[in-house]
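As C-alpha cells, here come the structures.
Next, two complexes with chain A in common: one pairs it with chain B, the other with chain C.
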Partner chain A sequence: MNCRSEVLEVTVEARQIDEAMLALLHTILLHRSTGKFHYKKEGTYSIGTVGTADSDCDFIDFTFVRVSSEELDRVIRKAVCEFKDGLNNSGSDGMGQISLEFYQKKKSRWPFSDECIPWEVWTIKVNVVNLANEQERQICREKVGEKLGEKVINVVEVINRNEYLPKMPTQSEVDNVFDTSLKDVQPYLYKITYQITDSLGTSVSTTMRRLIKDTLAL
Partner chain B sequence: MDSDLSPQDKKDLDKFIKFFALKTVQVIVQARLGEKICTRSSSSPTGSDWFNLAIKDIPEVSHEAKKALAGQLPGIGRSMCVEISLKTSEGDSMELETWCLEMNEKCDKDIKVSYTVYNRLSVLLKSLMAITRVTPAYKLSRKQGHDYVILYRIYFGEVQLSGLGEGFQTVRVGVVGTPVGTVTLSCAYRTNLAFMSSRQFDRSAPILGIIVDHFVDPPCSSQRPAVLGQPCNYRAPDEDDGGAFAGVQDSQEVCTTSFSTSPPSQMCSSRLSYQPGALPGAAEVHPTAANAAQVLHAGKEGGVGVVPCQPHGAETHLTGEPPLNTPGSSGDDEGLSRSAEERSVSPSDPVEYLNAFTRKVGAFVNKPSTQITAANLDLPFAAFAARGLDSEGSDPMVQPPESPPSQSPLQASLHSQGSEGSGPQDDFVMVDFRPAFSKDDLLPMDLGTFYREFQNPPQLTSLSLHISSQSMADDLDSLPEKLRVYEKNIDEFDAFVDMLQ
Partner chain C sequence: MAHFDTEYQRLEASYSDSPPGEENLLMHVAEGAKSHWHHIENLDLFFQRVYNLHQKNGFTCMLLGELFELVQLLFVVCFTVFLANCVDYDVLFANKFVNHTDSSKVTLPDALIPMDVCSARIRDNGFVIFVLIISGVFWLHRLVKFFYNVCCYWEIRSFYKNALKMSMSELPYATWQEVQARIIEIQKEHQICIHKKELTELDIYHRILRFKNYMVAMVNKSLLPVRFRLPVLGEVVFFTRGLKYNFELIFFWGPGSLFENEWSLKSEYKRGGNRLELADRLASRILWIGIANLLLCPVILVWQILYAFFSYTEVIKREPGSLGARCWSLYGRCYLRHFNELDHELMSRLSKGYKASSKYMNCFLSPLLTVVAKNIAFFAGSLLAVLIALTIYDEDVLAVEHVLSSITLLGVCITICRSFIPDKHMVFCPEQLLRVILAHIHYMPDHWQGNAHRYETRDQFSQLFQYKAVFILEELLSPVVTPIILIFCLRRKSLEIIDFFRNFTVEVIGVGDTCSFAQMDIRQHGHPAWMSEGKTEASIYQQAEDGKTELSLMHFAITNPHWQPPQETTHFISQLKERVHREAAGAPSETHPLSLSESEPRSLVANLLAGPSSLASVHFGCDNSLINHAVAGSDGASALRSLSPVSSSLHLRGSLSMAQRASGFTGKAMSGSGTDAHTVSSGSSAWEGQLTSMVLSEYASTEMSIHALYIHELHKQQSRGELSRHTWHRRESDESSDSIPDEVRSDHNPQSKSFPRSHTFPTVVSSPSATSTSANSSKPKGQEEEKSQSQRRHSGPATDHFNAVGRPVRVARVPMGGWAVDGQAAPRHHEAVPEESSEDEMPPHIHKVT
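The block that comes next holds the complex of A and B.
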C-alpha cells in the first residue's frame, strides 16, 4: 500500500506560526478522529460522540473547527510550540516544516519490534517573514486568513477522495490503528515531527522530535 | 438499481440520507448564527447523536427543513438547498451563498451501507463544518447585529444560483457514493459583495431569519406574520450537561451507533433538543435591551463631551438636557456670581474685573453666555495676569474675603460683551477644554476649572501690578525722608568709601 502524501505551504509572520499550524493540524485531525470505541459481545462495537469547537485566531482573520478534546488540544499545542521554538532559535531564515503522519502498527514476532507503517502524511511547509509596520501586519492578517481558508479547502478535498483508510480493527487490534490514550476521542495513530531548514536549504536539525502515541507496552 | 439493495439496507440508507440532510441544514444555519459553536465530546454513545457527531438540533430549523423536504428525500433532480442571505436594517437584501445537497446517478453498488456510507457521511459533515467557517459569509455572520442580519431559506428542487451575482465561486465539500447514487455537497458563494439596490426577490417562500435581533420580542411560536418569516430562536444558554430532553419526537428517529458484522441494534432514546426559546430566550433578550437603553442614556448624560465647541451649541445642549445637568449649569452660575462677589471690585480697574470673572474661565474654555473670556478685554497678557491674580485672590491668607459688592454697571456690560460669543478679539481660537474622565458640572468646581486654576504656579507678589503700583507709590512717598537720613550720615558714607580705596 502506498502512503498518501500531501504538502501544504504557508507564509506567515512569526507571531502567526502557532495559530496557522494549529488551524491546519486540527482541521486534519478533526477528519481523522472518531468517537471512542466500545466493544461489546458478539463482535459489535459502538462509537462515542465527537464534539466540535470553534477557535478564533488572535493574529489571523480566521476561525477553525477542532475536535472538542482538551487533551488532544494540549498535545498538538505542545508540538506546535516546540516547532515554533525550533524555528525561532535555529537562526535560520525562517523556513521549516511540520509533518503529521498517520500510521498503523504491524506486530512483528520477537525479536523484531513493531513496524510503523504510515498510510497518510501531511507536511506543512512554513516560511516566516518579518514585517516592518502595522499596516503590513494588518494586510498579512487578512491574507494569511484567506490562505488558510484555501488550505482547509485543499485538506477537505483530499480527505473526501475517500482513498485508503485502515480497516476497522477488532478489539485486540484497536491500538494498532487508533490512539486510544485519550479519554474522549480516538484519533488514528499519528505522530508529529518537524524539520528546520537553514538558509542553504538543507536539513540541519538533528533534533527530530518524535511524539509517538503508544499505549501498548511491549 | 434499488433491487440489489436489501430492504434493511434500503431502509437504513433512506434514513441516513434523511438525517444527513437535516444535520446538514443544522450545521449550515448554526454556522451563520454569528457565534462560536462548541459541543462536548462524549466517550459513551448516547444513541441520539447521528453520525457520531455532537450537532445540536434547533427545533425551528428542523421544522423548516422537514417542511421543505415534505417527506421526500434528496434525489436525482431533487436537490435540497439552503440559501444564506443578508438583510440590512434598511431593508436591502443580498444573497450570499447557496449550499446544495444533490444526488447524481453514479452508484457504488459494492459499498456497505451501514458502515462505510455512514462513516463517510460523518466525515462529510465534519468537512461541512470546516468549510462553513471558510466562506466569506462566515465573517459577515459573526459581525451581524444592528446593521444587518443573516437569513436562511430552505428549498427543494432545482438549484437557483442567479441571485449570487456575477463571478460567484463554487467549492465542493465532498461526495459520498451510495448504492442508489452519489451524494454531493457543495457551496456556491458570492464574490462580488458590492451592494445591490434594494429590490425584492420574487419568492414564494418567506425569508426566514436566523438571528433574533436582541431588541425584538423573543420568538416563541409559529404565529408570526408570513412576510417576516420565522426568525430562528436564539439558542438557549448552552447546556452541555444535557439540557432539556423533549422526549422522542418520532419513534423512528433513532440513530444507529453500533457497528459490526451483525445488524445495527435499535436503541430507543430521548433526543437532545431545545426548549422553545420563549422563556430563556426572553430572559436573555430583555436584560440586554434594558442594558442597551441604559447605555444610551448614560451616553446622553455624559454627552456634554460630544457637544461641538460653539457657545450656541453648548447652550442648546444644556437646555436640551434632562434636569440632571441643570444643577450643574446653575452651579456654574452660582459659582460665577460668588466669585464676582468675593472680590472687591472697583470699577476703574479692568484687571480686577478680570479676576472676578475668570474663575470659571480659562484660555481654552468656551462656556455659555454668562461667562466672559480673557480675550474680551483689551489688556496685554490679560489672560496670564488674571489667572495668577485669581488664584491669589481666592487665597484668604493673601487677600481676606471681602464683603460682597453690588454688581456694577461695568460688570453688567462685561457680561453682555461676553454673551456675544466671539468677542472683539478674535486672536484666540477657543478650543473646548474637556479634561479626560471629567463629567460636566454637578459641582461648582469641576475638573476643568481645577486644571485651569492650578495649572500655573501663582504669580509672585512682587510682580503683581496691584502691589507693585502700591509699593511704587510708597517708595516715592518715602524718598524725601530717606534722602534726609542719608544726608545726615554723609560723613559715615565718605569714611566708608575712603576705607575701600
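The block that comes next holds the complex of A and C.
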C-alpha cells in the first residue's frame, strides 16, 4: 500500500484502556491538526490558531496535551468508548487494536465512487492484563505512565521526520484533505477503526470486494 | 486555564472579521493539487498499467485491439453454432437436389436451413445450449472487463499526457527506458510514491514484476512441480498457461492466497512458528482448487478446443509449416527469464535467439525420417505434379470430385515432409550454435556445453524450445492434467512452498514484500561457482541456480545504466566489467598472431569469448592451448555474426585504428552502460552524441550477450576444476582467497601441483583422436567431457561433475541436485530446509571429506 504505517503497542489494565487510547490518539491528532483556513483570494489563505489543553488521567500517572476542541474530543471519546466496550464484551484474552488512518479523498470519474486513499496509518495494539491486588495496580499505574511517555516521544519523532504530507489544498479542494466539519480546528481527514483480537484474515466484505476487483483486473 | 481559553476564543473571533489587521497576518499560498497524480493508492497496478499501455502502443491501439477481440469472440461462437446447426450440408455437397425454377445452380441461401427450424434445432440440443451459456458468461465477463479497462486506462492515458508529457502518438516510438526515466523524474515533483523522495528503476521493476519474480525464483529453485518422469515418455516438462494461472491463483491473488493484497504477504506466513499448520491449510486449499478445476474441466476443455480450432486452423491452412515451427515454451520463458526482466526485454532476447535455436534443433533430424520423408515427398510430389499439369491443361479436372482436396492434401504432405529433409548446403556445428544461442538466452545447464551434439542435450533443449504443435497439444490437455498435478504433486510440496515464501520474502520500504532473489544481492543469493565467490554468504538453499543472481544483476545494470546499486553490488559489477574489458582490450596485444583473425571485431569478440583461457594460453604458451584458443575464436566469430550491432557500430567509427578500435569500443561500452550518468552527461564525444536511447538499448543487449558468454565461460572453467588465471596467480600467495576448505585442498593440491602446467592444460585437449567426423571445432572440449562422463558412469554418482581426474574437486560446491548431477538431467529436487538452521544446509563436500 502506498501509505506509511506505524505500530504502537501498549499493555494496560482494563480500566486504563480508554485513557491510554485517548492519550495516544490525541497526541497524534494534535500534530495532525491545523487551525482553520481562511481563504482570502484564490490561492492564499491564513491559518487560525489551535488551542491546546492539558488533560490529566485518573488511572494512569500521566498528563497529555490535546487540541482544545470539545467536538474533536467528543468524537474520539466516542470511538474509544466503543472500542473499550467491544474489548470488555469480547470475553477473549483481551487483545485488540485501534487504528487511526489519515487519508485524502480523490475525485474519480463517473462510474467510480470517490476514493479514500490513506497516507498514514497508526495502529495501536492493546493488550489488556488483569491484576490481582492494589500493590500491582499501583506499579502498573506508574509503569503505564512511563510507557505512554515513551510512546508520545515516538510519535513526535515520527511526525518530525520530513515525510510526505498531502499538499495544502486550494479552497475548492480543502474538503479532500482536511476535515472541515469542526468549527475550531481542522485535522487532516481521519478515520478511526478498531478490531477486537487480531482475527486471522480480513473480513468477508473486503475479501469479496477484492475478489471482484481481481477478476476484473485479469 | 480558563483564562487562556477565553483569550484564544477572542483572538479567533477577531480573525473572522479582520480587515484592519490583515497586513499583519501571515499569508500562505496554497499549492493545491496541481495534478491528481500524487500519492497513488495502488502503485503496483498503476505501474503495470503504465507498462501495459506502453507495450500496447497507446490507448487507441489497445482499445481497438480489445474491442476486436470481443467481436471476434462473439463471431467465433455464433459462427460455430451457425455452422453446426443452420447449414444443410446435403445441399452443399450436392447429395440432395434443390428444385429451382429459374436456374440449375445451387446458391448459398439454398443451403441454409430456415430460421425457425434452425432455432428449434438449437433449442433441442442440450450440448449447444451448454456451450452457448458458457460462452455467454465468458463474453459478458470480458465485456465488463473491457469497460473497466477502458476507464482505468483512460486515467493512465491522461497520466501519460499530463504528467509524463507524452502524447499517445509518440508512445510506440518511445522506449520503456524513456518512459521510466520520466516516471522517476515525475516522482520528484508529484510524489506518486509517498515513502521515498525518489524512485529507482528497481522499485518500478519490483512493482511490475513482483509475482513474476516469485515464479522465476520458484522455477529456478525447482519448487514448482513442472518436471515429471513418465514411464514411456521419459522426462517431460508440463507447464501450460492453465497450470500457471492456477499457481498464481493459489499463491498470489485467489481467495485465501498467501498474499494479503498486491504488495504484502500475510503476516502469519512470515513467521516460522506455525508453518506446519499453514502448510496443512495450503494443502487443503490446493485440494479444493484442484477439485474445482476437475469440476470445471469439461467447460475449460470445450473452451480450449474451440479457441485452438479458431485461432490455429486458419494459420495451418495458410502455412502448414507453422506446426512444425517451434516456439519458446512457457517453462523455457520462466527458466530463461532473469529476475527483474520485463516481458518485452525477455521476448526480444528470445526472438534473437530463435533463429539459431531452430537451426540447432534442425541439426538433429533423424536420418531414418529423412529417408522416409524424402521418398514420401517424391511420390506425393509426382502425384501433385500430374494433377497440376492436368489442371493447367484443362481446368475441368478441378470439377472432378476430390481433385481439389487431394491437391491441397498433397501440398500439405509435401510441406511436412520437407521439414524433415535437411538443407543440402547446410553444415551443422551444434557446439557453435549452442554458443550463439547462449549469447541470447543467457542460461543453460552446465552439462550442455561440450555435449551439444548429443541427443540428450537436444531433448532437454526441446523442453525450452518446443514445437508449436506440441504447445497447442499441451494447452488442449491442460484442463485434464492440471487438476491432477495440483492434487497429487503440488499438494505434497505445500510445506516447501510455505518455507520458500517465508525465507525468500523481504520487505522493502516503498515497495512492500518482494522476492528476495529479485533484490539481486550477491551476498544473499550469489552462487560461488558463478563469479561471486568470496562475496556470497548464501547457503546452498539460498543460492540461485545457474548463476541467476549474477546474470540478472548484470542484465539489470546494463539495461538500466542510471540505476545505482548498493555499494557491494556496484563493486561486483564494476569488477566484472573491468575484467571483461581487460580481457577484451588486453588480449589482442598479447595473444599469439595465429589466433588473430584478419577482421578486427572478430578477434575482439573471440578474445572476449575465450575469456581467461586466452590469457592462460599466453602464459603457458604451448601448441595445445593455442588450439584451445582458436576454438574459442571460431566460436566467437560465429557468435559475432548474431551480434550484428557490434560490427555495425564498429564500422561507424572507421577513422580509428584497429587497436584503438578494439579497446575504444569496449571502453565506450563500459562507459555507455556505466553505473553513473556518463551517457547523458558527456555528450561531447561524437560517439555518445549519436546514441539515442534506442541505439543504447540495442547496444546493451549486445553487451549483455558478451557478459553472459564471459560469465559462462568463466563458470565452465571454474567448475571443471581448471582454475582461472586469476586464481592461479593468487594461489601461492594467499590460500584463503580460494574458499575451498583446507582439508579438501590438502588432499588434492599435491596432485595438481605435481603436473607441470603445460601438461594440465593439454590433458584437456591432447587426446589424439580428438578429431571426429562431425568436424566440430570445439570437439576437444566435448571429448574431454565425454571422457569424464564415461568415467563417471563407471564410478557411479559418487564422483562429481565434469572434472578431469585428479583435479581439485571444486564442483563439490555446486549444490546437490543441480542439473549437472549424474549425467542427463536428474530433476532438481531440493531438500526442503525445514527451518533456517545451518545444519541442514551443509554443503555436501563437508560430509565427503570428513
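What we mean here is this: the second predicted complex is superposed on the first by the 195 of 218 C-alpha atoms of A that agree within 3 Å, B and C clash if a C-alpha of one lies under 4 Å from a C-alpha of the other, contacts with A are read in each partner's own complex, and residues count from 1 in each chain.
Throughout what follows, contacts are C-beta pairs under 8 Å (C-beta built on N, C-alpha and C of every residue); 3 or more make two chains touch, one makes a residue touch a chain.
Remember, predicted model here, so these are calculated numbers, not experimental data.
Undergrad: Return first, second, both or neither, reflecting whether A:V185 touches chain B, chain C, both chains, or no partner chain.
TA: In the superposition, A:V185 touches chain B alone.
Undergrad: Which partner does A:K106 contact after superposing on A: first (chain B), second (chain C), both, neither?
TA: second
Undergrad: Touching A:S46 in the superposition: chain B (first), chain C (second), both, neither?
TA: So A:S46 meets both chain B and chain C here.
Undergrad: Which of the two partners, first being chain B and second being chain C, lies in contact with A:M168: first, second, both, or neither?
TA: A:M168 sits against chain B and chain C alike.
Undergrad: Go through the superposed model and pick first if A:I159 touches only chain B, second if only chain C, both, or neither.
TA: A:I159: touches chain B, not chain C.
Undergrad: Jot down the residues of chain A that show up as touching in both complexes, chain B in one and chain C in the other.
TA: Touching chain B in the first complex and chain C in the second, residues 38, 40, 43-49, 51, 53-54, 68, 168, 184 of chain A appear in both lists.
Undergrad: Which chain B residues qualify as touching chain A in the complex?
TA: It comes out as residues 36-46, 49, 52-54, 115, 119-120, 123-124, 126-127, 129-131, 133-134, 138-139, 142, 171-177, 257-262, 265.
Undergrad: Could you list, by residue number, the parts of chain C that touch chain A in their complex?
TA: It is residues 1, 4-5, 8, 11-12, 15-16, 22, 25-33, 36, 38-43, 45, 141, 144-145, 147-148, 151, 154-155, 191-195, 253, 255-256, 260-261, 263-264, 266, 268, 512 of chain C that touch chain A.
Undergrad: In their complex, what parts of chain A are in touch with chain C?
TA: Interface residues on the chain A side: 1-4, 38-40, 43-49, 51, 53-54, 68, 104, 106-107, 109, 111-112, 115, 117, 119, 163-164, 166-171, 173, 176, 184, 200-202, 207, 210-211, 214-218.
Undergrad: Quick one: in the complex, what on chain A touches chain B?
TA: Within the complex, chain A contacts chain B at residues 27, 30-31, 34-36, 38, 40, 42-54, 56, 61, 63-65, 67-69, 149, 152-153, 155-157, 159-160, 162, 168, 183-185.
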